[in-house]
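Alright, structures below, take your time with them.
Below, subunit A partners subunit B and then partners subunit C, in two separate complexes.
Coming up: the complex of A and B.
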């Protein structure tokens, strides 16, 4: 199964290589997280620290008027468990 | 199983559970099971004005599937240990 040692063979390897790095997580309900990944499992349950949550709230009244105003609420949490069934995607840090 | 073990080490600590219906409950973690169902004692609901029906509730059992987040006490989480355990877990998944 393991062909080249540390290479990427399956999708979860991408998440494994992001351990202890800052990742971007998109969740159901127009929520996004940015935090340092410390643990995950096969359900994509995550444990992250130093988390900033961004909640997108579309203002329905102005959206009807044709101007898509999106209000953004942010908050920070020190250590957070995220249940896997809310997770849409996990993105590793951009290596620039 | 890994996340289950993490929660077991956090019993008798104070945690904040945020549910998928936006209800936030802070309480002492009394027990947890393999489905990540959670039992909380001595609970306090954030924004009680919006949830007056919860005022009389002193302890509760939360079905794991309705949980969105659990805010953990950072000082009781060993992040290095978590990352090592997660890598070990991921290795075993591949072997199977």
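Coming up: the complex of A and C.
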């Protein structure tokens, strides 16, 4: 597809397409978010609603032979402000 | 320059060397001035004035060097006191900062030397002895000087000491001259003392009484003195304070009154201590005077040793140990007193770090000096004792008296301290906050406001304040207020400030708003003036007023990321169509075809005509949809903006231009939504694809506002024709899931958006449609969609109900006003009847499955309590609408097929299988909704 034709000039334009759509956001600290994107800015600060956060907790204490046990903690939030400096990636959710 | 050279430092010392056995005396400006000062004169100082400024005393603003920590200073001075001869190593700082020659002098131990001198002096007069014991005088002198210009306390302290020293020197040399120099206060004190002296001589036996009187007098005197001192000390304190926390441009006068109050409290405590000192000194003086008398006596008696009181003292000390013991006792008492004082000081200082200041150190030093005086005192007493005439009773009584007074004073001090502690804590807080009070003048504030406001001024106040404006409009409409015009300040040249929401009730806000408006007005006026002068825009004139900002602009608004350039975009837009789906072929008569379809009733749309040129395309991908939607949003925003900017109607040319632009934009919008794309191009149709994301659904009402009725009709036809393609219809089955899955929630969300937005936007079209059109639309729906599947969805039911109720309204209109011009013809009515019958036939076997509760019950194995009445309500509504149109046979069919459901509801209500009143009401209301349509009621049902 023609890049100029789609009006996409910078990476943020792709994020704009996902406005008010469900997005998948990967954060620092082994966290992932899935929620509806409402707003973002140049710092990648995000406003999301209906968010489910997934936190991976690697339990090295009870690990056997260096194999960490990954625990997953989940929580839901109605509305969320995500500070941009923790955002690693923003993507549309995988479609099945 | 000599200022920085070491030789400079050596100078005073060498001069001391020249005069061994004596303290360095610098007597500039006095008659006995020996000209040594001239000898000190260094060379190459001619340009000093130019370098350091010639007029006035040097300010202390940049004096960082002399603010050595007090402890350090104290340590530095202690050795000096023990070795008075070396004390002349005056610090360079004092030399540098103080033009007074005395600052070069040693800053310590006047009293110790005074003691020596006292002992050595052949015949000290009364005034002399009195003079030693007046620290208040010292304080006064210092205060006086501090009035002249601001100095550091360190300096003041040193100067204070130096002055005392100097006075002593002067005293020894010229008493007469000095007396003239005495301040009024001192003179009075002297007079009183002299009176007292006379009294003393007269009434040697009535000492106790006299002493008390004297003390009273002294106290009164001191009160006056303290009044003056207080003022001076306040100044010092302020000076001190400003040293501790010196914010820029802080003026001593700008202290808050509470701060001054606190200072006064502090001073009060200090003064009370001071009073005590005074009292002690008074006693000392008396003793000294007595001693002098004795000395006179002794001189008379022992003419051979008239000049050596020192010898005298030594001799007596050695000879009369009993008296010495007494003297020791007295000294111990003093020392205890001193200790108490110190402790007090320490307590204070532990509470407030502000007390760890040079002034405290000064008082400490004073105390030390006094303790040195005590040594002297001891000797005096010893001398007195030598003559065996020391009035013991007087001492005892006076001591007891003193004790009582001290206790009183201590109690008062403690009380005051307690109060003061509270107040201090409060005041410290306030002072901390008030440090920056009045830093800015009103004009400063105005200036800043102006800058801020100028940053708020934008070309498009409404759009920059968009959310607040829209929210405000919604709020106003919800509250039923007359919607005012936009809350925007507009200026002539297109700029303006968005005012946000209307503030309601706030007491501060309105005035702030008014002030801002005034500011804005001023800015605008200024800008206009400047515009006239420079023909510059208001914004430009203020730009860079605070210096250049680098990088991004100040505006807090999110950066516009998709820059759709208006001029450039128009030619590229058709090209920018990412799908390229639009085939603008000769077969572009889709709308006409739809119309045709409406005319033909349930006849199929004339798509066959189009199929010739039809280019089958892949449906829009999700991403393409999103891209198109973004463009749509941009367009809609621009169109909305354009509508707000509609020029006043009088200017025709401008209006035409505006109209042209508006139409152009609306045309683009129309193309973008792809309604005119042939029906069979793809499945789903591009337009339906655009409705898939929730933002696509939500934009429709904003978009349809700008479309003509004809276009809206086409849009509606397309929507109906492709109704089965809608995501909300396709995925409606998920809603029947009893579990709250993510998918179900998503579909729920989409459905709500569809009902709220899409149905809302087609509602005005349908509600004005004539019977023929409704018949056509229903026929189209029946023809193209699986009507049973559609009817099992909420959007489908809503659409069907909409059609049926519209026809019902038409029927009623005919019944009431039969002369309406566009009343349906008989043919149209027959067509409607036919279509309706067809619909009924198709749905009849599935009436029960229309209920979500029934469908859900199939999925649920056990009878879990489901709150389905609310979900069922639209179905009951639809069935009621169906019944309204139906004939009696159809009613029978309806009731027969719904009998089970109706009975279930009625039974559960009657037998109390409901959880609460609300559920009962809902169930009954649902059933009655339908039963009323067939002229029945739930109460008629026999149990």
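Assume the second predicted complex is superposed on the first by the 80 of 96 C-alpha atoms of A that agree within 3 Å, B and C clash if a C-alpha of one lies under 4 Å from a C-alpha of the other, contacts with A are read in each partner's own complex, and residues count from 1 in each chain.
To be clear about the criterion, contacts are C-beta pairs under 8 Å (C-beta built on N, C-alpha and C of every residue); 3 or more make two chains touch, one makes a residue touch a chain.
Here the structure is a predicted model, which means the values were calculated and not measured.
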item: Partner chain in contact with A:91 - subunit B first, subunit C second, else both or neither; value: neither
item: Contacts of A:49 with subunit B and subunit C, given as first, second, both or neither; value: first
item: Partner chain(s) touched by A:8 [first = subunit B, second = subunit C, both, neither]; value: second
item: Contacts of A:79 with subunit B and subunit C, given as first, second, both or neither; value: first
item: Which superposed partner A:19 touches (first subunit B, second subunit C, both, neither); value: both
item: Which superposed partner A:38 touches (first subunit B, second subunit C, both, neither); value: first
item: Contact residues of subunit A, present in both the subunit B and the subunit C interface; value: 1-2, 9-10, 12-13, 16, 19-20, 39-42
item: Partner subunit A, residues of subunit C touching it in the complex; value: 558-559, 561-564, 572, 575-578, 622-623, 626-627, 629-631, 693-695, 698, 745-746
item: Touching residues on subunit B, where the partner in the complex is subunit A; value: 1-3, 6-7, 20, 36, 64-65, 67-74, 77, 79, 82-83, 85-87, 89-90, 93-95
item: In the complex with subunit B, residue positions of subunit A that touch it; value: 1-2, 9-10, 12-13, 16, 19-20, 27, 29, 36, 38-42, 45, 47, 49, 77-83, 85-86
item: Subunit C-touching residues of subunit A, taken from the complex the two chains share; value: 1-2, 4-10, 12-13, 16-22, 39-42, 50, 92, 95
